[in-house]
Every structure is written in structure tokens, then in C-alpha cells.
Amino acid sequence: MFAVEVRESIMVAHSLPDSFFGPAANKHGATFVVDVAFLGPALSRHNVVVDIGRAQAVLKAVLAPLHYQDLDVLPQFAGVLTTTEFLCRHIHHEICAAIRRGELGDGAEALSGIRVTLGETPLARAWYEAALSGA
Amino acid sequence: MFAVEVRESIMVAHSLPDSFFGPAANKHGATFVVDVAFLGPALSRHNVVVDIGRAQAVLKAVLAPLHYQDLDVLPQFAGVLTTTEFLCRHIHHEICAAIRRGELGDGAEALSGIRVTLGETPLARAWYEAALSGA
Amino acid sequence: MFAVEVRESIMVAHSLPDSFFGPAANKHGATFVVDVAFLGPALSRHNVVVDIGRAQAVLKAVLAPLHYQDLDVLPQFAGVLTTTEFLCRHIHHEICAAIRRGELGDGAEALSGIRVTLGETPLARAWYEAALSGA
Amino acid sequence: MFAVEVRESIMVAHSLPDSFFGPAANKHGATFVVDVAFLGPALSRHNVVVDIGRAQAVLKAVLAPLHYQDLDVLPQFAGVLTTTEFLCRHIHHEICAAIRRGELGDGAEALSGIRVTLGETPLARAWYEAALSGA
Amino acid sequence: MFAVEVRESIMVAHSLPDSFFGPAANKHGATFVVDVAFLGPALSRHNVVVDIGRAQAVLKAVLAPLHYQDLDVLPQFAGVLTTTEFLCRHIHHEICAAIRRGELGDGAEALSGIRVTLGETPLARAWYEAALSGA
Amino acid sequence: MFAVEVRESIMVAHSLPDSFFGPAANKHGATFVVDVAFLGPALSRHNVVVDIGRAQAVLKAVLAPLHYQDLDVLPQFAGVLTTTEFLCRHIHHEICAAIRRGELGDGAEALSGIRVTLGETPLARAWYEAALSGA
């Protein structure tokens, strides 16, 4: 199994309005350090899993609607508890959609999985790993 | 697969009294940077794998009997080579026991595995990953 | 010159409502990784700059009113641009006030300076270093 | 599953002479931070996966022919696109060859896999994980 | 004293053709992780040392002529030993020139110094700190 | 001002037998991540502050008597509280002694200072910076 992983950060506000979350029920914020790993069984004829420049561009494009935003007022997250785990899966879905639109190039057909990791502090992180989702 | 991972450190003395270990047969010590990942197939109704606050509390409680100790004089390790790999598995067992006692809450029933990583220097680490152990 | 430095993180929402800041004028958020260095010319009779346990407790107490908050609604920041640089100086002032109240113990009299560093992403940070401020 | 992972760095020049790689088609260079994880199902009678000192020595020996070199002029890489992914697999093969020569000792027979990770910048890395390769 | 520091990486080939450097006399390469700190005595009316977005843009522009290059064939380095220390000072000079051209905006007039740090491996780095250089 | 900094780790046991230190009065241990910065006003004719290979060799030699030891039984530390701050200054003195013995080469005459930083956990570190000490 091969993998290529690229990193970007986003800075967002949100709240987790449920007593389950204690003080995180308040409006607060986070720098999420986002690592996306592209997993594949073989290398392309250019000896890569995916074009790393394209991988970085796709990640940046996928994160752009979240960066410098208050997640509580984004329509796509209305009524959703935007936990770190939820955001990992959300970004996974968006990366898969970009791949289906061809934004990652030909090599992306052979990918066997995507892992999205979000670090919220130096002491806590979450991740979601799954095969490429269908439409 | 989802995961949440939390980090704590412990500072311990120990020796590895076997010529196999060369200079580490001496009494020496380590700061072990301990990462525990809780792995699960699905999110709870609160969109989490486990309550991260409880995860941190469980990890701190499991490490308390080791922090600031000389492992060579602890009865539970008498005659044991307390290698980094051994300590990973020991902490895994203790985390599983805490889960069985209900200390991690309801979400913990669905966990499919636990991974315990111990960093001993910036250049060397070990880990142990396994399903939740039974009693 | 000796120094001891301790680290904590806070997760806050805020906005920087001035066109100077581009997209950061929006409500967004940050995990600030806060390092506070206590600088002194000499060691105490216990061979320390300050009691590191007390240093960690003082830092945690100083950060508690900010952690999990929206800085835009805190009265003490009304009308203030809460940039990373501003927050460094604010935390410096609060640490100095805690020292004047004796919360850091006897060793703190001899301190020659305090440096507060806030990391906002893995690629950007700010700091403020100054002598202990008077009342 | 147990693992032990050790780290070394190499500093190499190379080019990726194909228009696919954009500016990386130029002669340029990299510090590759190399992590090699030795994965095994059980611990030896010394409570280790492998002797960590030997693991470090094997890694250093495997990397020596690459360190401070221009990969473009090494005969073993003639006509090869020496991407980060390719180098992960190359180092995996060399580690496996060293294990078959007995350089990692008796514990190495039980290893179930090797993972080689190369970090090329703080924002991008690749890895290759596979079972021990045969001759 | 206030500071803002931003980070970028460059990937270059070079050689240090003098027997003083042992194996580094060969053509080899490095990922240099470049941190540039902008130091100033006071905050602007926007509560910043410098506009961090502009700081990142200036750093990227200053590094562009070096990124993905072989320093041995760049005319500006003909006959120069391009050590890590030398490159720190070179980048310092280029940052200062950009500031004199006004690329960092009005706040940059008040800066008291610039520190440029280059990490070459996780175990070795160099830096150069000086006041803004004149024309 | 120029600087070159190199890193090594040591793994030691010790105790701090004074009630001031709470649980750290027990025999425990630490991995100390040791960074030594060599500070100088100018570059040598080889464009370096010091020969980095020699710097690494000097650091390794200075740390060898501490690595894998119990500091409580070393004669040179009898009756001493071996705090992190104390160890910073001890290593500073030993580095200076090595420089006076010529082990760092000719460039070392021009050094203006040495800074020794010891990280004891990811959340706490100490340092000592001073001019080269005389005999």
C-alpha cells in the first residue's frame, strides 16, 4: 500500500450546543490542522500515487468554504453538531466528490482509500478513513 | 473507520536488566509521550467516537500509577522487562479495563480497537493496537 | 540567563472587524498554542527559576477566562482588535498580575522578564517579551 | 499488532525529468525524514518487536548509499523517476534485504510488515507499507 | 518587544566544494524550513507588528528564485559556499530589500529587526538576526 | 548575530529529594531533548559559525556520561538537586570546557555565547544562555 499525505490549516468558529459537550457548547473556535492521505495499491507510470501539486490544490479548494468561517451560520451545517469527527467525514466526502469530478487527474481512479485527520490541539486529534464514496 | 486520539506524558525510571539491552540495562529513565487512539466504526448521536473529555480523564487516571515512579520497584512489574512495547500493551489493558468499568461512557461499547503509542525520544517510538480485550 | 517555559492551548472564536484583515474580519476561530517563558538571572536554592507546577497552574488560571469563549462578546475586549499580538501582551499582563499577587511563589521576585508566544497555525506565530510590568 | 519505529534523515539532490512534475523537473533537493516501522504480531522473550539499536543501525546502513548524494548520477537509479513514493519502496526493499541477511537478529523472523514513511516538507509526506519481500 | 513569525519551505540542490565539509562537498540537497520573524517595539493602530498576509507573500516571493533550484548554477551564488548560515543572511538581505521597496506596507517602518531561521533536518538548524539593513 | 543549533536526546533517572518538588521527589526519569545553540557575531571563511559535524560530536561526547544513567548515583552530582535548569547550566559548562580544549576547532574562538535548552515533555522546557565561561 502506498500513500501520499498533504497538510493545510483552517481557522473556524463553531459551537456544540448540547450539554454533552460541557464548555464546548459555547461559541468558541479552532485551528484545525488537516492532513489528507491518498491511499493506493500501486504507483502510476510517473511513480506517484497522485500528483502532489493537484492533491494540495484539491485540499485547498475543499477547505476554502470553511476557512475563516463561523460553521454555525453555514447553511450546509444547519442543525448539525460539527464535531471534529463529523468534519473529518465531511471533508472526506468533499475530497471524494472532487475526485469524481476529475480534479485529481487520472491517477485518482486507482485510489483505494482516503484518510482525513484533524488536529484540534497538540494533544487531541481525530480521523476518518474510508474507501472512495460513490455519488 | 473513525478515531479520536488523546495525548499525555509520563516521566519514569526503570532498568532493562538483561545484557540484550546494552547500556539500557542500567537504571535510567524516560519521558514517554503516550497517545491513545479510540477506534470505532460509527459516530454516536452526538457525532463523536467517544467523549474526548472522558477519554482524557481515563488516560490520566490509567497513567497516574506510573507517573513519577521507578517501574523497577512497582509490585505489578516485578521480574518484568518493562520495554516500551510492553508498556504499550500494559496501558492498552488498563484502558480496556476502564472501559469495561464504564468509565468512558456509553459510546465506548461500539469501539472496535484501541491503539497505544509511546514515544521515547523524537527518533524512536512503539505502539500496540488491538481490539478491546475481554475480562 | 535562565528560563522555564510551559505550554497550554485555548480554543476561541473572534473576528477582526476591519477591512485591513481581509477574510479574518469574519467571525472565525483559533486554537492558540500558548507558551509562557519565565526568564531570570539566577536559580533559587531549589535550583529552579520558578516552581514549574505553579507556573503551569498560573498559566491555566490566566487562560481559563478565554478558553472556549467568543472573544467578541467578552466585556474586557469590547472595541478591541484581538489580534494574536494583542493577545500575547494581554496574557503577559495577566501573568504579571498573578505574580504580583504572589501566585508564583517567592522565586518569582527575581524574574527579569516574561515571554508569551501564541502559535495560531503550524506556519504562523507571534510573541511579546517584556520585563514584569508594575501595577 | 506491535510496532517499533525509528527515524533518520537524508539530504539528497535529484530531478524528476518529466513535464508532469512542473518545477520539480529541475535539479533540486530534499531532506527526507525517514521513519521505518517494524510491525509484528508478538513480542520476543525480551519483550521487544526488534532490537531497537539494531533497527537504528540497519536503517543507517541502508540510507548511507543515498545520504549526501545526487540520485540522478547513482547507477541504481538510472532512468528512474526517484519520487518520494519510489524511494519509500526502494528503502523498504533494502530493509527487507538486510533482514534476510540476518542483520536485524532473530526477532526479525516474526515481522509481519514494514512501513517506510518519507517526509519531504512539514506539509507533505508519503509512505509504503508491505509484508517482508522475498528474495 | 513584539514579533510575528511565518514559515515556508524550499527544496534545493547544492554542494559545498571544500574538504572542510566532508561528504557535504558532494552535490546533495535539502528541504530548508524557513522561519522569518519580524521584530518590532510596538503595535500598529491595527494591533499588529506587520500584516501577516503580506509577510507570508513577501517570504514566498523572496524564496521563489531559490525553490526547486540547484544553487550551484545560480549566477548570484557563483563561487559562494552556500551554507545554511549564508542562506539565512542572504534571505535576511532579500527580506530587507523587499521592505525598503514597500512590499510589507506602512507598519514595516517601525521594525527593529528580522530573524531568519533555516531548519535543515529535525536535528540541526541555523539562524541570523540583525536590524534592517540599509540599501 | 548568527547561530547554529544541534539536537541530541538523553534518557536518565533521577530524584529531586525535597518536599518542594512534590511527586518529583520520587525516583523517576526523563528523556531530555537537548538543543545546543552556538552563537557568534560573524561567519568563518567557510561561511559557518562552527563546523556542524564537530558540534554534533562535541554534544554527543558531553552527554555520554549522562545517557542511560541514574543521576542520583553519579559522584559529580552528589547532594545536588539535578533540576532541568541545573542540567542546562551543567551541559553549558561542559560544552565550554570542550571548546577550551579545542574540540570544536578554530571557529569556536569567535563564539559570543552558548544556549542549552532541555525539553522534558512536549509541554515544558528550560534553557540557560551565557557567554563562554572561563576556566
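Order of writing sets the labels: A, B, C, D, E and F. Residues in every chain begin at 1.
We adopt the following convention: contacts are C-beta pairs under 8 Å (C-beta built on N, C-alpha and C of every residue); 3 or more make two chains touch, one makes a residue touch a chain.
All of these numbers come straight from a predicted model, not from anything done at the bench.
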item	value
Intersection of the contact lists for chain A and chain F	B, C
Magnitude of the superposing rotation for chain B and chain E (Cα, nearest 5°)	180
Centre-to-centre distance between chain B and chain A (centres being mean Cα positions), rounded to whole Å	28
Whole-Å gap separating chain B and chain F, where each centre is the average of the chain's CA atoms	31
Per-residue overlap in chain A, given as positions that touch at least 2 other chains	7, 122-123
Chain B-facing residues of chain D, complex	1-8, 43, 46-49, 51-53, 56
Chain E - residues contacting chain F, complex	18, 20-22, 80-86, 88-89, 122-130
Of chain C, residues touching chain A in the complex	7, 9, 11-14, 23-24, 26-33, 67-70, 73, 120-123
